[in-house]
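In what follows, a single structure is set out as structure tokens and then discussed.
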């Protein structure tokens, strides 16, 4: 299974008056991990959109285990958790450098036409991504 | 059951290049609804923090049904979905003015001490909120 | 001179670990005031973009006088400060309810074609806005 | 003169429906450059705050020359533009990889006590930073 690991530099702007990273920002970090995983698979999300499709989130869940603070060194791990030819689910772990889990979560995406937001089959219309997603989930031996 | 309904004016800043509201911003709108519901219950969140506690999210889930665009008129409905004396779960619906559901979700919160992030029993230490949360969940006849 | 006055509800998300509103967010509040002033003049910004143009900021300046905190009651005042048929400059004041000035600033905008970002003369191509901008600057007697 | 150069990965979240980076986000990028320059000078901003002071922006100005889009490769250059023992002004350039200037700007900061927001003399109370700021402005021969 291919897992991407991306360093996150906590931005002052991402903190709130609680003194920790504001919870909605983890969805932005998930996006950073997802973009980087997609590059590992050989694609660029900004190139994908040039084909007239976008990939909105249809479902998201997040578990907040430990706060992350400004100055902390953290990274986000991202992998493909499920894929059925139409919908793809990414899994995420935000971890401190000592291995402690800060936040876990997942987001489910579809591909839709940019102008109509109608769903498009990845298997049928984007066979290269289809193969890459399957490959990304393969168990290593 | 007490349900708060708060108007949302979509900000240009909240859109992304997909032409719709960026998904993480719904968590911010949930926060707006939650704050307003808490006021309906007779409290101000900014007063609560003066007592040395904060109320972080421990769990969140969001279902994205229909995109919201700049210029759309939407509101967020918020209610208390579950409460056990320690953890409180809020439910949310973001709806268009024609009644169409755009986004649904829930967030679970605890109360912790601001300096240590150690959990505090609401039932025990904040009996007024405890009563308010119970009242908020009461079925109307 | 037409001045718009719009209430701002400070969002928890807008604060940072300094315990005050993060400075970049005032540009977002300026946008809220500007949008509302444009409505006072009889236009909707989301309708304007349907004509294939957008109105990017070309210059901005902000003076931070006093911090704004979560729970504070503030409003933003917006007016047309300068206009030459091509470029429009808005002025802004963020004020506390007691009249104390928190933040002042201005932003200068042009109108450009959405696809090429080439400037468009407001005077020539949008005579209705042109008249409205002139009217907005008129001294009351 | 010490100039810091930091790579920026444009986040999808930072774009708006105009298809470009939303203008307020450049202030966040300035913060990233500033933090990195401060590290080049031998300090960590998150350590500085542990001494009971914070460094709010008192003035900012930004000139938007060319839009930045998702997928663009850009960096921010940051340097100390002026310093008088009390107030420090940083200069910034956001540049495309081909050398084209996208955005320029400056921010002026003071050091204040975290609890009272009263100004503190850097020269007097933080002689190490004082020296570092002077050193950062020295002309190279």
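Just so it is clear, A, B, C and D label the chains in written order, and each chain counts residues from 1 on its own.
Just so it is clear, contacts are C-beta pairs under 8 Å (C-beta built on N, C-alpha and C of every residue); 3 or more make two chains touch, one makes a residue touch a chain.
Every value quoted in this text rests on a predicted model; they were computed, and no experiment measured them.
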Comparing the two chain pairs, does A-B have more C-beta contacts than A-C, or is it the other way round? A-B
Among all other chains, pick the one whose mean CA position is farthest from the mean CA position of chain C. A
Centroid of chain A to centroid of chain C, CA atoms only: how many Å? 35
Distance-wise, how many Å sit between the C-alpha centres of chain A and chain D, to the nearest whole number? 29
Could you state the distance in Å from the CA-based centre of chain A to that of chain B? 24
Could you list which residues of chain A touch at least two other chains? 12-13, 17-20, 24, 28, 69-70
Interface with chain C, chain A side, in the complex: residues 12-13, 15-20, 22, 24, 69-70
Which residues of chain A touch chain B in their complex? 17-20, 23-25, 27-28, 49, 54, 56-64, 67, 114, 117
What part of chain A is in contact with chain D in the complex they form? 9, 11-13, 28, 31-32, 35, 44-47, 69-71
